[in-house]
Each structure stands twice: as structure tokens, then as C-alpha cells.
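Paired with subunit B in one complex and with subunit C in the other, subunit A is shared by the two complexes that follow.
== the complex of A and B ==
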């Protein structure tokens, strides 16, 4: 029992991080159709912001979350305005351009902050551990889980219940017709991109106390996040949550029986086999395209 | 424009390039430089491989380095077994296995005692890997960005597995201290013209073979698939089969390039399957011109050449990736067809000016094609 619960919790913890990273990606891809390969670097920048705010200004992690979101959202805004805007009708090229941006971000950070590993301190209030059904789990990981779920809820609320979300959905269904009804799709795309980048920054800040912060950290996250999106299907936010849950638990389970690398390889194998039979992802909404 | 005339011109251009790279050692007697240039030529071959799948079939393979690395490991395994073991007795166990307490040569290492097997494996293993991955992707009708992501994910995972399985692969350090490549009594010293000739010859063969493929009926269908996949399917062609074919051929070429790279560099390392290399390949091809095999090869030569020249200065070494990333973004934004495309544009401009009175017919057709791409 104890083992089962602790396994489940490990899986949930992996899943919550996956979800945080994948959420921004899924929002951007779902709405604009842009595959943002610089997403991992947004995560990395968020982690570095947390490190910077902590070492330079002594700001705790919780207090720095809002500034980090704003900084990264601004960054995303600028990137969209400078580069992405010109590539909406060349989807394959967005991959290339964002990849180039990612490389530049990585190298810029390496030049400015150095290539060595950085560490961010966990908030003192959350460094204890909690006992759940006999299994112990760190309070911080539970905090991440809670925050990931609330961010998802917020995103879902914006998407379903606000005027902005309505415009978003209209554009997703048919950009041209939405535009002809007076929706400024360019502005909506830019706001979406900024929001996705901001969430990525939050994800980076939140994982920074758990893993070491390095300029290369983005690559693994972006690959994992894409697996989530591929598995979940791109059109549904719930698909992202469900597939993060599945992948998290599966990785946790497989890693318990072998090691992290083998777990990752097996999960990828499972996804490759799955897309052969369900290319639209597990939870794709039935939409006409 | 006369099509046969144009294709003859193209053949001539490719031939001239092959002759040019084969002539280099006649003017150059510096072993170090020859080794460097052989490396560049290997990269050019890798670029040709990507151009074949990306430029001609529309499959953006972000993990081209996977197959390159597989090829290079095949060669390294064979060359490792060709060394005289230092730390073990007569059973000839590679040194890193001894350090990792492996007592017996693993079964998949055993056949690499034969160089002929290794040469075949270096091409067939990557090709089979790609065919399998391609079967899952293309039979599932995964296209465009999704396929790109999956190739990237596959590469990251293969890389992790190789590093993780240190006992059998040498892990992070890769496979080092290799024997010299020898075939049919000929020894290829990495720092000699013989290796350069080997690489240049292979690159020429690959270029001409790829050109032949793109000109064949299969090549035509592949280009049609790139432009309008559904229409080709409606005509009754097995789209997935064609894609798997070109994906596997491209992987085989990359595998060959990987084998040559091991011969030139005298080691194999997990960085050969890394994201940075894969990204570089995409950049070379994008800069050179994705829809031109020769353009891709020249793009690789230019970018790696500039990189080699700049990396001698300290400041540039650090900011190289920054410059490269910026250059890449600019090329994607403003020069989607790369250098080759720019040349074509200039040539067209020149031709139009010299025959100003003849109305150009090819222009609207070209526009229609770009429009079709944008819509897909």
C-alpha cells in the first residue's frame, strides 16, 4: 500500500512538471499552429530568472513567480513580433526559426551567466514533507502539483469563459472568417504566444529547486513536452492534462523498475507505436478541419 | 526554358563540383588541412542526405544525426576490434568493457570482427532504423511538424540510451583508440590524401546517386508528395511507401557519412547523435538551399568552413552559436530557398534582362507553386 501510494505520488510529481511545461506549448500550438522549439529555452530562461532574482535581490521563489511570468511573457511578445508573425503560413519554417532562437537564447545565457550548474533554493515554508497514507512526499512537489492544476484551470477558464477565449476559439476554427468579423487575429496570436511563454517561464522557475539549472536544460523538457502534446492531441486542453498524467505515471513506474533513461526510451517507443494507430492523439476532439 | 538543356547544365554543374573536390589534394600538401577538409566533405554528405528527404520529399528530419551516429558507431566498433588490446589478453575485449567489468564480448559486437559486415551494417542499420520509424510515422499519416518532432525525440532517446549503456557503448566517452581503417590491403591514414580521396569519392558518388534518384520517376512522385500529398494519394500512389523509401535512403547516406567521419576523426562519440549536430545539419541545408542537393552540400562547406576559420579566434568561438542561430533565423525569414535559391533568382533576373523583350512564362508557374506550398 505504502509503496503503491509513493509510486503514484512520484508519478504525479513527474506528471505535474510535464503538465506545466506542456501547457504553454499546447496553448501556443493549439491556437497558432506554431511548433515552438524554443519552448525549452523559455523554461530555461524562467529558471535562470529565478536564480538571478534570488542571488542578486534575495527574492524568494514564490515572490519571484509574478515578475518571471511578466518577463517571459514580454520576451515571447517580442519574439512573436519580430519573427513568428512572418511565418504563420509556413508552419515547417516556424520550427526552424524557433530552433534558431532557442540556440541563441542558450548561447546568450551561457555567455552571460556561465555554463556551470546553478542552484535555486526551495521556499523554506515548503521544504518539509507531508505524510499521505504512510507515504511521504515533499510539500514542494505537492505545491507544484497544485499550482499546475490551478494554472490549467485558469487557462481553461480563459479559453471557455472570457471574451478573449471566445475570439481564440473563433480564430482556431477559421482564422479568415474570424478576421472578417473584426477580430484582430494578429493581436490574439501575439497575446497567446506571450501567455504560453509566460507559463513556460513559470514552469522553469518552479522546477529550478528540484533540478540543477543549466543552459542545456531546455532540450530535455521540450522533448518531453512534445511527447505529451503528441500523445494528448493538440486540440484539447484536457488531453494535455490526461496525457501528462499517463506519461508521468508510466515514466515513474518504468523508472522504478529500470532507470530513467530506459523509462524514457520505452515511453517514446510506446508513443511511436501509438501514433501509428491514433495519429490524432489519444484525446483529440472531433473537429472538422 | 528548355528542360533538357537545364538538366544537362545541372549535371555539368554537379560533375564540375565532383571534379573540383577530387582535385584539391593536387594543390594541397598539408596533412592537417586535408583532414579538416575531409571532415567538411563528410558534413556535406550529411547535408545531401537531409536535402534528399527534406527538400525533395518534405520530411523535415530534425534527427538526421541519429543515423549519422549509428553509422559512425558501426565503424568504430569494427575499428575497435581491430586494435591490439592493451589491457586484456588474447580474447581482445575493448578496454572500456574491461573497465566496466564486462567479461565477454556482447553478441552484437561479435560480427564486427568482419569489416565487410561492419561496412554493410553502417549503411543498413541506420536505413533499417529509419525505415521502421518511417513505417510507424508515415503509415500513421504523420506529416510535417509532427514527423519533425518525432525524429527529434527519437534522437534524444537514442543518445540517452547510448550514454546510459556504458558497458557496451563506452558511454559518455564514446569509442576511442581505434585501429586504422584498412580495406583490400589499402590503409587509410586519417591525416593523408588517401582518406581525403575516399571521402571525396564517396561524396561524389552520393551526390550523383541522389541526383539520379531525384530525376527518376520516384523522385518526381516524391516532389509531388512534398507539394500536395493528398492529390498524389488520390492518384493511387502508395505515399507512405515512397516516403519510407526516401527516408531510408537518406538514413543510409547519413550512415555512410557517419562511418567516414569515424575514419576521419578516429573516434565515435555520443555527440555525433547530439542535438547541436542535428541542428547544424538543418542550418547547412537551409543556408545552402534545401531544394538543391548541390546547394545543400555547398551550404555545409561554407558554414563549416567559416566556422572553422572563425573558431581560431577566442571571441568568435564563444559567440559562434549565437551568430549561427541569428544567421539561421534570418535565412529562414528572408531566404527560404537558401543560397541556391538566391542564385537561381539572380540567374533568372539576368536572363530576363538579357532577353527583355521575351515575356517570361516561367514566372507565374513559379508563383503558383509557392502559393500551393503556403496553403498546405
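== the complex of A and C ==
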């Protein structure tokens, strides 16, 4: 029993980090169709913001979450206005441009903050562990799980129950017709991009106390994020949650019974096989193209 | 124009002097070797200043440059100045080889100091063997290499483990969990560890490798909870060390009963994981920043005043520093006209130096270094507390895990 619970919890905590990292990407790709290769760097910038706010202003991680979201959203807003806006419907160019932005962000951080690994403190209140049905789990990991689910709920709410979400869905279904009904699609795109970047920043800040903070950290996250989004179906928010859950539990299970190297390989193999037979991912939203 | 002509004249004069003094050399096969001239000794410094491993290699570059500056300020080597030629191989093995070729062939350096990773050392090795030049490698590494063109000043597995493994067995118990990053260094270290455990009656409950750069350790931690080993023997490297320690700590595991014993956790990694996550775990290394010796005090003070008060010295930057002094002592024994990689290699054999970590000596047979490893327990302030220094000076044996092979001055011998 204890082993089963702790195995489930392990899977869930892997899943929660996957979901945090993938949510921003899913939002951006699902709505605007932009393949944002700089997503990992948004995550990295979030982690560096946490480090900066902590070392310069003594701000704890929880208190910095809101400022980090704002900073990264602003950054996303600017990137959209300067670069992405000009590249809609040119997927190849967006890939190249966002990749370039990622490289620049990495080098800029290296120049300004230095290349060494940085330390972000875990909130003291959450640094203990909690007992659940005999299995112990880190309180901080449970906190991440809770926060990831709330962020998903918030995104879902915006998407389904606000005027902005209605416009968003209209644009996703058919941009031209939505525009002809008076929806300013450019503004909606920009807001979406900013929101996605802000969430990526939060993800970076939240993982920083568990992992290391370095200019290159984004590269692994962008792969994970794409894995989740591709498996879940690119235009389905629910797909993102479900696929991070599946991937988390699966890699947790495989890693427990073999090791992390094999787990990673098998998970990737499974995804390759799956998209061979179901290219739209597990949960495809019905949209007109 | 005048400077050019003056240089040209000096050059011809030097050439004349060289051919007068060294006429027979032109006909010997040493005639092609790089050598020191004009009162200058050119050496290469080959540590990455950009790219993924720049984080560590920058500190190795700094320690190297500082030692060269110190020696030059004190009058050089027999009045000759050491001139460092610094190249940036950008953390890329192919670039390492290219820059090494440049340093050896076009700059005619008599020695090159460089490399952190084994991959980069393996990449430059053919260059130094083909050109018969000399490479000085400061990093602890997996052993199993035997080259007369490399001087190894870091520890090999037997030096890090011979003292450490028995001590851990005695103090914590027999059931060991081996975990490492998935590449050659951890595998060779674990080979030796398993050999020692078999001899001493220890038991390996698991041997596991995670991908390089891996940062999600919840499955590993789950297995640790289920397996409850007495010792976690860790050769995880880079940012994975930080992630593993932080997640171990967050999961509420206790270093009192299940400590991590690492060969790769230095003051650098500890600074990035925070003292709380590092406290109570063990590292074996020949050098720790807190090591109490007059030489180390001088080294740490000089390093901080040269490069910044918040900088740490660690078990790779210290060998980067003292190997320059070994180089100096070797060159000192040579006549000014006779300084080339071959003579330097012969001169450095058996050479001893009072380094910050203590007395070190270059083993004449395999060109590795005699060291005295120490066992450190990390404290919550991010520094180590040194619990024990090995009673003996440990001989370097890069083939100790392979009883049928040994490295000699004539090359690798199969027994």
C-alpha cells in the first residue's frame, strides 16, 4: 500500500512539473499556432527572476511569484510585438526566430548573471515532508502540484467563462471570420502570448528550489513541454493535463522498475509510436482549418 | 618599420644563436619539437571560457593564470618569463583538438595546461601524442589511461576511494546504492568501488545511471526510500548533483542514516544547492577549501584578492594552480637552450611540491600524482569539515580496477 501510494505520488509530482512547464506552451501554440522554441528560456528567465528578487531584495519565492508573472508576461508582450507579430502563418520562420530569441536570452543571462549555478531558497514553511497513507512526500512538491492544478483551473476558466476566452475560442476556430465580427485578433494573440510567457516564468520560479538554476536549464524543459503538448493534442487544454499525468506516472513507473535512462527512452518511443497512429494527439479539439 | 626591423634582427640573432648552440638538434628528431626561446617560455592555457562547462573551467583558467603571474612576478624561471597563450575551446571537444593543434604547432608552446572533462582530454590526446608535446590535466578522472604525453595532477579512483570506502563501510554499513551520471567516469569509479566492496564484504543493492543533465530524481528517491541503503555512493555530476541533493532534502531523507558519499561534490556545487541540502553528506578529495595549511591560506587569500572575495577554490582549481609550480620546478632544472616537452617530462618525474593540499609528487612510471585524500563532511554554512586525512601518501594507479594491466614509463603493460 505504502509503495503504491508513494509510487502514485512520485508520478504525480513529475506530472505536476511537466504540466507547469507545458501549460504556457500549450496556450501559446493552441491559440496562435506559434511553435515557441524560446519557451525553455522563458522558464529559465523565470528562475533567474526568482534568484534575482531573492538575492537583491530578499524576497521569498512565494512573494515573488506575482512580480515574476508580470515581468515575464511583459517580456512575452514585447517579444510578440517586436518579432512574433510579423511572422504569423510562417511557421518555419517563427521556429527560427524563437530559437534565436532563446539563444540570445541564454547568452544575455550568462553575460549579466554569470554562468555559475544559482541557488534559490525553498520557502521554509514548505521544506518539511508530509505523510500521506504511510508514504512521505515533500510538502513543496505537493505545493507545486496544487499550484499547477490551480493554474490550469484558472486558464480553463478564462478560456471557457470570460469574454476574452470567447474571443480566443472564436479566433482559434477561424481567425478571419472572428476578425470580420470585430474581434481584434492581434490584441488577443498578444495577450495570449504574454499569458503563456508569464506561466512559463512561474514554472521556472517554482522548479528552481528543486533543481539547479543555470543559463542552459531551459533546453531540457522545452523538450519535455513539447512532449506533453504533442501527446495531449495541440489545441486541447484538457489534453495537456491528461498527457502530463500519463507521462508523469509512466516515467515514474518505468524509472522505478528500471532506471531513468531507460524510462526516458521508452517514454519517447511510446510517444513516437502513438503519434504515428494518432498524429493529432490523444485529445484533439474539433476545429475548422 | 623600425620595430619590425629590430624584431627581425633579434630573430636572426636568436636563430644564429640557436643553430650555434643546438646544431646537432637540427638533425636529431627533436629538431621539430617546440622549445623555449628568447628568454620566454610559451605555454598554452586551454580551458573553456564559454559554453556549458565554462562555469567550472573558468575557475581553472583563473587558478592557472594566477600561478603564472606569481612565478613571473618572482622573477620567472631562471630569469625567463612564462608567456601564457590563452585559448577558448568553447566546451566543445572538436574545438579543443583544433586549439590544441594551434598551441602546439603554430604557437610552439612547450606545454599546455587544460581540460576539465574526459571527453575534451580524449579529444586532444592524439594531438599531443603525435606532436610529442606535453598536456597537464588537473581534474580528478576515471583512470585507465596511460600516456607519456599527459601529466595528471588530479586524483584517480584508487586515490579517492581506498580510504573513503572502508571508512564508510565501518561507520555506516554494508548495503550500498551506487548512483551516477550515464557516462564513462561514474562507470569506472563504480567498477573500482564494486571491487573494493567485494573485497571488504560490502553489498551493492543497486547500481543506477541517470542521463547527463537529469534533474528529476523523484523515482530515484522513491527507490532509496524502499531500499533503505546504508550508503548512497554518488558520482552524479554537474547540475544533477544539485537537483539530487535538493530533492533528497525536500523528501525528508536523513543523512545521519543514509548519507550520500560523493566523489564529485565540491564547494562549487554546494554553493548552488545551499548548505541545508548539502549538510551531513560526505566527499572524498585531496583538497578542500578549508584545509588548514599555510600554503592553502596563502592560495585562498591570493585567489580571492586576485579574482574577487566571494570566489571559492576547489579540488580541481587547486591542482590547476600547483601544476604550474611543478612545471616551474621541472623547467628550472633545465638549461635555457634545452627546454622542450621531452626534457620537461623527464625533469618532472619524481618532482615534489608543497601544494595547498600538502606534499605532492609526480610518479615517474605513470606521470600521475601522489596525493593524500581527505574525507570532508559538508556543513550548513557551505564549507566542509575535514574528518580525516589518509594516513599514507597514496600512490596513483590508473589501472587498479584492472589487475591484469599496469601503466609504466614504457607504456601500458599487460600482466
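Some notes on this structure:
By definition in this document, the second predicted complex is superposed on the first by the 286 of 289 C-alpha atoms of A that agree within 3 Å, B and C clash if a C-alpha of one lies under 4 Å from a C-alpha of the other, contacts with A are read in each partner's own complex, and residues count from 1 in each chain.
One rule holds in what follows: a contact is a pair of C-beta atoms (placed from the backbone, for glycine too) under 8 Å apart; a residue touches a chain by one contact, two chains touch by 3 or more.
Quick caveat: nothing in here was measured; it's all calculated off a predicted structure.
In the superposition on chain A, contact is made by A:6 with subunit C only, not with subunit B.
Once the two complexes are overlaid on the shared chain, A:277 sits against subunit B while remaining clear of subunit C. In the superposition on chain A, contact of A:85 is made with neither subunit B nor subunit C.
Once the two complexes are overlaid on the shared chain, A:169 sits clear of subunit B and of subunit C alike.
In the superposed model, A:264 lies in contact with both subunit B and subunit C. In the superposed model, A:220 makes contact with both subunit B and subunit C.
When the two structures are aligned on the shared chain, A:252 is found in touch with subunit C, with no touch to subunit B. When both complexes are overlaid on chain A, the residue A:187 reaches neither subunit B nor subunit C. Subunit A uses residues 220, 259, 261, 264 to touch subunit B in one structure and subunit C in the other. Contact residues of subunit A toward subunit B in the complex are 35, 83, 86-87, 89-93, 95-97, 99-104, 106-108, 111, 219-220, 223, 226-227, 230, 259, 261-262, 264-265, 268, 271-273, 275-279. Only residues 58, 60, 62, 133, 135-137, 139-142, 144-146, 148-150, 152-154, 156-157, 160-161, 163-164, 275, 279, 282-283, 286, 318-319, 321-322, 324-326, 328-329, 332-333, 336, 373-375 of subunit B touch subunit A when the two sit together in their complex. Residues 52, 54-55, 58, 182, 208-211, 213-216, 218-223, 225-226, 239, 242-243, 246-247, 249-252, 268-269, 271-274, 276 of subunit C are the ones that touch subunit A when the two sit in their complex. Chain contact summary for the complex, subunit A toward subunit C: residues 3, 6-7, 10, 13-14, 17, 115-119, 121-122, 127-129, 136-141, 209-214, 216-217, 220, 251-252, 255-256, 259-261, 263-264.
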